[in-house]
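Have a look at the structure that comes next, please.
Chain naming follows the written order as A, B and C, and within any one chain the residues start at number 1.
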Amino acid sequence: MLVHTDYLWFNTKKRQEFVRITDDVQRIVEASGVTDGMVLISASHITAGVYVNDWESGLINDFQEWLEKLAPSGLDYAHHQTGEDNADAHLKRTLMGHQVMLPITGGALDLGPWEQVFYAEFDGKRRKRVVVKVMGE
Amino acid sequence: MLVHTDYLWFNTKKRQEFVRITDDVQRIVEASGVTDGMVLISASHITAGVYVNDWESGLINDFQEWLEKLAPSGLDYAHHQTGEDNADAHLKRTLMGHQVMLPITGGALDLGPWEQVFYAEFDGKRRKRVVVKVMGE
Amino acid sequence: MLVHTDYLWFNTKKRQEFVRITDDVQRIVEASGVTDGMVLISASHITAGVYVNDWESGLINDFQEWLEKLAPSGLDYAHHQTGEDNADAHLKRTLMGHQVMLPITGGALDLGPWEQVFYAEFDGKRRKRVVVKVMGE
């Protein structure tokens, strides 16, 4: 049994930014030596998410407008009484999900035709990380 | 350590359809020989989900009406400029989740009294798959 | 390879209550002997969730108000024709998620600076459980 851990670091220029990380994850899987198993990709910060969906800029735009509608910024959130201004980022990352588990088969990510993994930053412009943990044989 | 992989295939008659797959997953777990571990059940297509909830037709109806309210079809989504018409399916599957990890204890799915696993199709009428990966001993 | 299973039990005084369980999970991880691996924490009841976010009472309040807005109680849900009155609890737990997988590195939960694990009860006042399954070496 093999267990292998690595981290991906982000420091986005914009407050909100979605970054494709499929190839980074695949590289970590290859370094792990695991050919059959699973890989956990999980945001270590509570205002960021990790999700699987399409790599199409129109859809990414749709996601961002939709999140703003369901979890608007600029409201009078109770969390803001602590001095923070990012309650909406906590809600948005909850809608998108903060982690995924990808299957590994034959040494590669066992993904469907359009599946791509993304890091979803909702409160960026600072250094944040994602943990990548591979398990299998 | 055992790792076992299988796939479930779907081709629903309706565009949107929820299909109970608990027994199919249990069958794959039995075939794997794993008696203590976990099983990942993950939709390989980005307009479908996998979720755990109640097997009650009224509640399934509630879920579908609620998803239509939060992520309506028929809007002027940017994704549709590519020729697609299914942006709402991407959003709906995000709300329901696209994968679950079920514990296996004593050779069976270690589920609570009402837990059932479902495949949630939001853009059906074509062949799509779910990957099932069992790990444990 | 080690696999270790335990259960956390809850019987909340209020219908809706969020309970921090990070230390309970850490204790189970220590008992498992796993120093490198993953732990699955999954609600075994379909009106409860498990999620990772900030341990800040204002934000917890924001989450609860937001869930009530997106998945209101008191509506005329089809599920209520069975005699139940908790359809909103099923929807709310779906928004928050019902399970998380936490990485274990160096014998401890490999969490970011503000990550805390919570049990989210949406239909409490009765005995319900969460399964905790540790895998690794």
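Assume contacts are C-beta pairs under 8 Å (C-beta built on N, C-alpha and C of every residue); 3 or more make two chains touch, one makes a residue touch a chain.
Treat the numbers as computed from the prediction; the structure is a model and nothing was measured.
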- Query: In terms of residue numbering, is the interface formed by chain A and chain B classified as same (over half shared) or different (under half shared)?
  - Reply: different
- Note on the structure: Note to self: chain B rotates onto chain C (CA fit) by an angle, in degrees and to the nearest 5, of 120
- Taking each chain's centre as its mean C-alpha position, how far apart are chain A and chain B in Å? 20
- Message: Show the residues in chain B shared as contacts by 2 or more other chains, in ascending order.
- Response: 1, 70, 95, 97, 101, 135
- Message: Applying the document's contact rule, which stretches of chain B touch chain C when the two form their complex?
- Response: 1, 36-38, 51-54, 56-59, 61-63, 66, 70, 95-97, 100-103, 105, 110-115, 135-137
- Which of the residues in chain C end up touching chain B in this complex? 1, 3, 5, 40, 42-46, 70-71, 77-82, 87, 90-91, 94-95, 97-99, 101, 128-129, 131, 133, 135
